[in-house]
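I have placed the structure first, in the form of structure tokens, so that the comments after it can refer back to it.
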Amino acid sequence: MAGVAAIESAPEHRMSVAYDDVLRWIRKFAAEVEANKESLTQLDAAIGDGDHGINMQRGMSAVVAKLDAQAGDQDVGALLKTVGMTLVSTVGGAGGPLYGTLFLQMGTAASGKGELSPDDWAGALEAGIAGVENRGKAEPGDKTMIDALVPGRDALKAALGGGATFADALRQSAAAAEQGMRDTVPLVARKGRASYLGERSAGHQDPGATSSHLLLEAAAETWGESE
Amino acid sequence: MAGVAAIESAPEHRMSVAYDDVLRWIRKFAAEVEANKESLTQLDAAIGDGDHGINMQRGMSAVVAKLDAQAGDQDVGALLKTVGMTLVSTVGGAGGPLYGTLFLQMGTAASGKGELSPDDWAGALEAGIAGVENRGKAEPGDKTMIDALVPGRDALKAALGGGATFADALRQSAAAAEQGMRDTVPLVARKGRASYLGERSAGHQDPGATSSHLLLEAAAETWGESE
Amino acid sequence: MKKLINKPDAVVTEALHGIAAAHADLVNVHFNPNIIVRADAPVQGKVGLVSGGGSGHEPMHGGFVGPGMLDAACPGEVFTSPTPDQMLDATKAVNGGAGVLHIVKNYTGDVMNFEMAADLGQSEGIEVEAVVIDDDVAVQDSLYTAGRRGVGTTVLAEKICGAAAEERQSLSEVAELCRKVNANGRSMGMALTSCIVPAAGKPTFDLGEDEIEIGIGIHGEPGRERVKLAPAAEIVERLTRPILEDLPFEKGDQVLAFVNGMGGTPLLELYVVYNDLNRLLGEHGITITRNLIGPYITSLEMAGCSITLLKLDDELTRLWDAPVKTAGLRWAA
Amino acid sequence: MKKLINKPDAVVTEALHGIAAAHADLVNVHFNPNIIVRADAPVQGKVGLVSGGGSGHEPMHGGFVGPGMLDAACPGEVFTSPTPDQMLDATKAVNGGAGVLHIVKNYTGDVMNFEMAADLGQSEGIEVEAVVIDDDVAVQDSLYTAGRRGVGTTVLAEKICGAAAEERQSLSEVAELCRKVNANGRSMGMALTSCIVPAAGKPTFDLGEDEIEIGIGIHGEPGRERVKLAPAAEIVERLTRPILEDLPFEKGDQVLAFVNGMGGTPLLELYVVYNDLNRLLGEHGITITRNLIGPYITSLEMAGCSITLLKLDDELTRLWDAPVKTAGLRWAA
């Protein structure tokens, strides 16, 4: 599923991601969602309604179909918006508006760009997360996807600010998202369907945080691979 | 559950059954139905609708309650009619009209009698069975209660005709009913709910034949005991 | 056994109390013997319609008592035919001077109990006719069996005859109409899971995780064959083909298609079944002009469905469309 | 998983084709995006009523589209909120110039998707109001949660607001009425068994042979507590007490009592439950003046029930009694 035979640019230190790299990241994320469909659904069954993996898989396979069908115009912003729109109209549930908004806002931030510098990436991610926060009103600690995204974003910015290579920064971002995801386990949910459970939601990992970790990990794996 | 403290008349060879003996037979049958409720129901589940034991138990416990409540007037015929009426209005299903008719017709045959001679008993049984045949239109071999009752009746008459004691005749009657009951196993049902199964009804013992065997066996045990 | 009940042998009585409390505008419930009677019975000059059977098939029959359908229903114990005293009381309660029709499902118990009741009714001077419904093609109809079971067509007969009685058709006309409905209706059912009779406390039959029973009866009686779980379209084909061949239904026929839920199957799935049925009948040139989809003649919590087709003409269509006001079926003109 | 389906991910589409074929007199079904629209929509001058939610709760919402109730329903995937494009299309299809009310069940997904749709509708010049139903007392209502779930009261709100819209009440009036229904309705549910989402293929949760879940959600979300199977009367007590305390309902109140089947529970048992509920409310001096009993807001094949009480006044009673003509609820004046 890694898809499109993109010619690997393979610099010692990658300084940006091109349109095709973004495409590869989306496809990688789609593949990860596919591979983790079952486990995401199981996580959701424990504290939600058992459909997060199914929903995300339906959405991301629609995204891939869409991307397969339409020739891109090399505009990363437009690409991300297409992803967002497709998710909004195919996922439904909480995941649809949230992931849809994430990509739509990232797209707006990256509007007109043919490639993203590390700072562009950080900016887009920041905008996307702000969109999610605005739409869902969740704060860190509410046991949602925010709990993976925010640490991921913060680690990325800190690493880049500290002079790390992009690949390193991506890896630290993914690692922080993973930690954030794991840290949702003891939390009591305060947003989304899991919040209905009250104390009974503690002891389970949040499915949305899990898929969000997959998203940032896909970026690290796709863009950090060639160092 | 053997109930009423009937003074045992205990003749070497019992020559008749008194009102209280008939009462003890009815109660004995009720106790047997109670004890075999589960297994009758299981037999019915295999080739019917799984309620024969439940139905007969509901009916016979209503009969016992009725008999407990009303003082008998020593008329065996009236007693048997009461049993029949009670079964008709409490059992339902196929068992209700069939057992109801059996007792009603036995009651008509025994009308006004304070006790039954062996021939009276044979005559009552014959009348009852004729009623069942008339109501249900089943013939021997159709895999119904008729397949226990008819051999039971025939063996009784043959034994009495051959000069057997009443107790012996009753035991031969019960044994023949038991054999008839067992012989229903290979039969393909042609009447009642089991007939819907066609060939699939073969290999199972008929529940109605099983309860009918209990009825004749209860007579043998109640009236044959004291020899 | 997991059920919303108090005591297994009080289920029917308690449910009847619930019905009495819920539908006092439509029915009166009498106890000992148990009958559900139309609130304004007897309707003078109207043929009284009485049906009945074991409980556990709700809304049939009690949910079909009311203007335009039944005048009384006799609920037996779960899956057990009611008794003649119930039927006699019902017959007396709904006799408005134009006679009473007994609509009887063809089960030995039901037939015999209704026979006894009809005899008793006649002997009290009430004109009683009985029509036996035997529409289940899963069962061989032969001199050597009790004949076919009465299933889905019963619901349609009760509705259609109810409308005719409301029009003040005579007892012989309503009875003749009932025979016509029975002659033109065919059904077959299937089960994904067993039902559990409360008094028995365990499933009536066992089906493997990938098995289904084709030709099941509404009391969990085993059917024609036990086969592997299959897609809905294939199951619809297996149920419909024998129905079509039996009447036979032919190209150009207009039918009422009744997709019935057995009790435990979601409505969503019944619509999937209806979709497959609609397509299949289309392929045979048969047009569905009326339909009924939902759990109307159930088998407790059994998962599964049955399909009933009734060949329609103008008369049957008109009577089907006529107003009905019951707890289970309700529409205006 | 034993279901009457063809392919797990085609269930909703195929069922919609079934609905389209079955109820062409009442509704039109549009595909991609999927919506079920009243056949004569848009009704000029009438507020359009749109609801929607995940599928698997049938007859809600698609079965409630028709005169006197909803103008359109947006069916999502099974148990998954529909998407804003569905809601936008529905909003446009039913806009008769008097504005459109979105009746939204309080789930994060439903709320966010309907919000996006309302924004889109407004930006196309349609006046849209949304009312969120959150009546499930099983869930703590707090600033620190997503609030209470929307369950049984939704059905009642759709019926009552549908009648008000039919009377040509204005958008703000119908919205206000919807808030009033929500404010006066309380629900709680329980499960005996789990449902099975077709795409998941296995039970959403496991319950032991003697366990039940009190406070279950209609998507199989775990409830308040898992307890041992108990008699119906005790379960009714456990569901009703929190409902009564919450509003609170008081001596002298008149209520609509809605005993809802979750999908896999026989109607017979729902009447047992209704009987216990009727007695319990009587003990509290509360009178049931209207009732609804049956599977109306289901959770696929889940066995169990929910109880909804709605405090009635003359206005609500009148609107409840007003005619309705949908596949799922139907009566004349």
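Each chain gets a letter, A, B, C and D, in the order it is written, and its residues are counted from 1.
By our rule, a residue touches a chain if its C-beta (ideal position, glycine included) is under 8 Å from a C-beta of that chain, and two chains touch if they have at least 3 such contacts.
Being a predicted model, the structure only gives us computed values, none of them experimental.
Visitor: Compare the CA centroid of subunit D with every other chain's and tell me the farthest one.
Guide: For subunit D, the chain whose C-alpha mean is farthest off is B.
Visitor: What is the distance, in whole Å, between the centres of subunit A and subunit D, each centre taken as the mean of its C-alpha atoms?
Guide: Centre separation, subunit A to subunit D: 33 Å.
Visitor: Could you give the separation in Å between the centres of subunit A and subunit C, each centre being the mean of its C-alpha atoms?
Guide: Chain centroid spacing, subunit A to subunit C, equals 55 Å.
Visitor: Averaged over CA atoms, how far is the centre of subunit A from the centre of subunit B? Could you give it in whole Å?
Guide: 77
Visitor: If you look at subunit A, which of its residues touch at least two other chains?
Guide: Touching at least two other chains: none.
Visitor: Can you list the subunit C residues in contact with two or more other chains?
Guide: Expected reply: 78.
Visitor: Counting only chain pairs that touch, give me the topology of the graph as line, ring, star, complete or other.
Guide: line
Visitor: Could you list each pair of chains that touch, in label order?
Guide: Every touching chain pair, ordered by label, is A-D, B-C, C-D.
Visitor: Which residues of subunit C touch subunit B once you look at their complex with the stated criterion?
Guide: Against subunit B, the touching part of subunit C is residues 9, 33, 54, 76-85, 107-109, 112-113, 115-116, 138-140, 144-146, 149, 197, 199-200, 204-205, 217, 219-222.
Visitor: Residue numbers of subunit A touching subunit D in their complex, please.
Guide: So the residues of subunit A touching subunit D come out as 41, 45, 47-51, 54-55, 58, 88-98, 135-136, 189-193, 195-198, 200.
Visitor: Name, in rising order, each residue of subunit D that touches subunit C in their complex.
Guide: Subunit D reaches subunit C through residues 2-7, 11-12, 14-19, 21-22, 55-56, 58-59, 63, 78, 192-193, 209-210, 212, 229, 231-233, 235, 263-276, 278, 288, 291, 293, 295, 298, 300-301, 303-305, 323, 325, 327, 330-332.
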